[in-house]
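Paired with subunit B in one complex and with subunit C in the other, subunit A is shared by the two complexes that follow.
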Partner chain A sequence: MLFLKLIFKNVFRAKLRSSLTLLGLIIAVFAFGLLQTAVDASSAGAKAASSSRMVTRNAISLVFPMPAYYRERIKAVPGVKGVTTAQWFQGIYIEPKNFFPQFGVDHETYFELYPEFLIPADQLLAFKKDRQGIAVGRKLADEFGWKLGDTIPLAGTIFPGNWQFHLRAIFDGKEESTITRQAFFHWEYINEWLKVKAPRRADQIGVFVVEVDDPARTADIAKAIDAEFKSSLAETLTETEKSFQLGFIAQMESIVLLIRVVSFVVIFIIMAVVANTMAMTARERLAEYATLKALGFSPGFVGMLVLGESMMLALLGGGMGILLTFPLAQGFAKSPAGNFFASFKVSPETVWMQVACAVIVGLAAALVPGIRSARIRIVDGLRHIG
Partner chain B sequence: MKIPFSYIFRNLWTRKLTTLLTAGGMALVVFVFAAVLMLNAGLRETMVGTGRIDNAVFIRKGAETEIQSGVTRDQAALIESLPQIARGEDGRPLASKESLVLISLTKKGQDKGSNIVARGLSPIGFALRPQVKIAQGRFFRPGSSEIIVGKSIAEEFSDVAVGQTLHFAKRDWVIVGVFDGGKSAFDSEVWGDADQLMQAFRRVVYSSVIARLNNVNEFEATAKSVDDDIRIALQSKQEQLFYEDQSRALSNFITWLGIFLSVIFSLGAMIGAAITMYSSVAMRTAEIGTLRALGFRRASVLAAFLGESLLLGLVGGIGGLAVASFLQAFTISTMNFQSFSQLAFGFVLTPGIVIETILFSLFMGFVGGFLPAVKASRMKIVDSLRAA
Partner chain C sequence: MSTLVEIKHLVKSYTRGGQVVPVLHDITLDIARGDFISLMGPSGSGKSTLLNLIAGIDKPDSGILRIDGEDISLLDEGDLADWRASNIGFIFQFYNLMPVLSAFENVELPLQLTNLSRSERRERVEMTLGLVGLSDRMEHYPNELSGGQQQRVAIARAIVTDPTILVCDEPTGDLDKQSASDVLGMLQQLNTDMNKTIIMVTHDAHAAEAAKRMVHLEKGELISDPS
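After this line comes the complex of A and B, so read on.
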């Protein structure tokens, strides 16, 4: 008890220095937390993926479509429970900076394969009935203040023209990881236009989403599907939804890696600051530590005193930093920059990593000063003037 | 009277560990600050170097990138006949009708594919881009299934080298050369014969037309003729601007990341500097009293301590910049969200970045050292002498 009390008193002896160090620690720990959360957020799509769904795309690359009749042949592959279609649209809502993912889907079946999108039955019906109907996620609807019945104009980039959609359904996410910042509309609406204006581009599908009856057999079923279209004009590549999403992250790997590295650099910076504080503190108190040793306290006790002070600083700062991470992450998620991420939530792993960082900083900072103080010769220490 | 510089320097020298830790913290901040600026400069250099101001790009109205665009043969012919388009020595228009597709190649050390631009073009397209040189092997023979690959592709992707083949669109494409795009975005592309690529991919329309203008100043006139002719129904852009626009989102992302990191990190470093300087002042109370008793003015004491802190910042700044300069050896290849394909770019250290970085480190030193220096200069002679 006495030991703890001594440490506590020591920590706040130099008030200004300790508070500045604490402030630095708080900033570093929450910055680390935010950066880690940003890294997590980049893989939100993979987290939301279901293990019983697979994605079939053109083997050349995603920008190449496949003939619509592939659907029936995929459906006939043993083990396939359901098939639906999606096409990336990339329309512009008023301005390019309002970007959000939009897909032209098979309106009859799409939501059957995605039970994590919760749509009221009447809205789903209204969506299915209206050729120009569009269903948007809650986050997106809130962001632009859309209400049921609103008309949403999208300027096509891949499919030229100004397209008008009627908002018929707003869906919520079943899980927290479900991405509700996206929109789905009838692919048939665009396809009908293509049939007239650009017949070569009509009846083509971007990706097929395949539901399997047994998630353990995805690898075999994927092989069977791809074999079906081997050496045809549009060869396919089928992979699990998770692997499909991870493919995107892999393409941005270097940026994600950069953020990850930088998040550790901030911890190094604060390590230097705390180590400096401890070095100065120990130097000032050498005479004191020598006195303690003269009174009969062991070198270990003196070393522990330095370590304890360093740990207390690190844990106090780290704790406050962690507490601050949550409101700041929430604030960031609501800001315009936060819209870049589908979801921005602090995960328990991030918090544990923050704790680990604080502990490591506390230990590392105490290392040199602690050993030096423990080893000081009593005579030298007593002679020492700060 | 001024306090000599050697006094300032020796103060830092005496407390080596503390000086090292503080300057080290600052150096890390400066390193990150400089790295982000260098990355942005590298991206800019790449995109600016890709386009020329006397070239114009024609793509479909509403499309933002060549991949999204489609240009029919009729439209392309109308563009070629525009009076502003330059003619070659043989009298043919210097316009390249190009076809772009994205193919998937695998990076070394990864098992997932990355999107790569495969550009179909003719020898004219090569002539329109003088920055592109063949580095190894030769140019593809027009009308054959031969391709050449950019330098970054050859370096970063597995199984891509002269003599090897890539298989896509039911054909084997022989790699006959590697080209150096002069640090442009072309380094991240695969080039082949336009007609062959279009046949293989069953395409009937081009993606874009790139044309050399007679004169840089004629772009406005060109844009007007294109807009006025309803048969063309395309949009025109200056090539350089076209590529700059294509990296805007990525550039903004890097800039914002840089601002966020610099602000947060520099707070940490300034706190570190303040702690060091405060303790430096506290430990030297008697010394300050002596200096004042010797006749040095308050302003001189203030200047000495501020100088110490600025020197600390400068050491950190130079250290960080020195480490950051090694980054120039690296290139980063990442997905450009706008073009949906890989783009390789490097870290580039410009004189502007050196100046900005040094100013930034001096600023950190100044802010961190200002309050402690004021505290030192305000001490009363008698009190401080007594403190010893």
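After this line comes the complex of A and C, so read on.
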């Protein structure tokens, strides 16, 4: 009781110093949390990937399409349960800053392969029936305030023109990690236009999404699919959906690594700041520690006082930093910068890492001043004027 | 009166900047139980060092230092801390109270090392603060008390565990004349009424007169002991 009282009262004895240290801790812990969340968010797509889905793309590059008739040949490969198609569209909604992923898909089959997108049956039917129909995720609909029946204009970039879509379905995510900031429309709507305006680009597909009957056999099935198109005009590369997503992430690996390093540098800096605070604090209180030892308190008690104070400061700052991380992450997710990430949510792992950082900062900062205070000779300490 | 403190051929030196500085040379001194002794001498004479050795917060290089029959120079750090907690009451020149604790909590501090219950501790602290005339200042913090009041809290803290010896290092050095006189009167009362053995270091000849016996040190040697 006395021990806790001494620690608690000592923490805020030098109010300005403690408050500034606390402020530094809060900023460091939430900055660490946000940076770690950014790292997590960069791989959110891969985490949400299904193990029973694979992606077949042109072996040269993703920007090169494949003939639409590949679909039937892929479907005939043993182990393939279903095939659908998707084409990256990259249209502009009003202005470029409103970027969101858009895909032209096979409207009849696409959502069958993606059960994590939850669409009410009547809306799915309405989407399928309308050639200009578009289905958007809940996050996207909320962001732009779209309602069913709204017309959504998209200015094409890869496929020039002003395209008008009718919002027929809004889907939710089955899991929290399901990305609902994207839109899907009928590829046929674009393809029909291509057939007239640019026949050489018609009946071409960006990627085939392949569902397998046994996730354990994905490697064999991928090989079989790619063998099917060996030495053809458009050779294919088939990989699991997760590998496909990780391929995108690898392109920004250096940035992710940099973010990770910066997040730990922030913690290292605050560790030095708290250690300095604790060293100053302990030095000022040497006479008090010597008095306690003279009265019969053990060196361990004195060391624990320093450690306790450091831990209380670290945990207070850490706790407040963690609490602040959630609203700040939410705010960031809603900001234009947050649109870069499909999902920007603080994970339990990040929170545990923040707790661990706070504990390590508290322990490390108390180490040297704690040992020094515990070992102080009483006669030297009593002579000390703080 | 029986001998409480028995010092024979005590030697103490410090090492400063690689140099060995002798502080006490061959000190031999007996202090009787219930005595009130003042240690006097100029700065650097070794009086505070002698007080620290008797209080068990420093160790001699050689010689015998028995308190109540026990050679405390043979105790290790842990045992010495326990010994101090039950045998020594400290009164310092600058009071050395914990600024974040109230007068009550400061006095209760040494009792935290005993097996007394919370209510027993409370009872004893209230009684001791009453003895030094601070019953109405129990919840006050050191910075809310005058120097004299703070020293009285320190006295209460020193006697609350009922120690055998009170060691006082310049107890009136930071006080005005009236407060100093009050504190000295209190020490005399503790000596006569409660039979506390008191060893006091002081520069002040007037304060030294409050003691029953004066011992002078100079350059680490005992130069006069009227006993």
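Going forward, the second predicted complex is superposed on the first by the 386 of 386 C-alpha atoms of A that agree within 3 Å, B and C clash if a C-alpha of one lies under 4 Å from a C-alpha of the other, contacts with A are read in each partner's own complex, and residues count from 1 in each chain.
The rule is short, and it goes like this: contacts are C-beta pairs under 8 Å (C-beta built on N, C-alpha and C of every residue); 3 or more make two chains touch, one makes a residue touch a chain.
Since this is a predicted model, take the numbers as computed values, not measurements.
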Partner chain(s) touched by A:158 [first = subunit B, second = subunit C, both, neither]: first
Partner chain in contact with A:270 - subunit B first, subunit C second, else both or neither: first
Partner chain in contact with A:297 - subunit B first, subunit C second, else both or neither: second
Partner with the higher number of touched subunit A residues, subunit C or subunit B: B
Which of subunit B and subunit C A:6 touches, first, second, both or neither: second
First, second, both or neither for A:119, with subunit B first and subunit C second: neither
For the subunit A and subunit C complex, residues of the former touching the latter: 2, 5-6, 9-10, 13, 287-288, 291-299, 377-379, 382
Subunit C to subunit A touching residues, read off their complex: 52, 55, 57-58, 77-78, 81-82, 84-86, 90, 92, 96, 98-101, 105, 108-110, 112-113, 157
Contact footprint of subunit B on subunit A as seen in their complex: 14, 16-17, 20-21, 23-24, 27-28, 31, 59-64, 90, 96, 155-158, 160-161, 200, 231, 233, 235, 243, 246-248, 250-255, 258-259, 262, 265-266, 268-270, 272-273, 275-277, 279-280, 284, 337, 340, 368, 386
For the subunit B and subunit A complex, residues of the former touching the latter: 17-18, 21-22, 24-25, 28-29, 31-32, 60-64, 67-68, 101-104, 107, 110, 112-115, 168-170, 201-202, 204, 253, 256-257, 261, 264-265, 267-269, 271-272, 274-276, 278-279, 283, 332-335, 340, 342
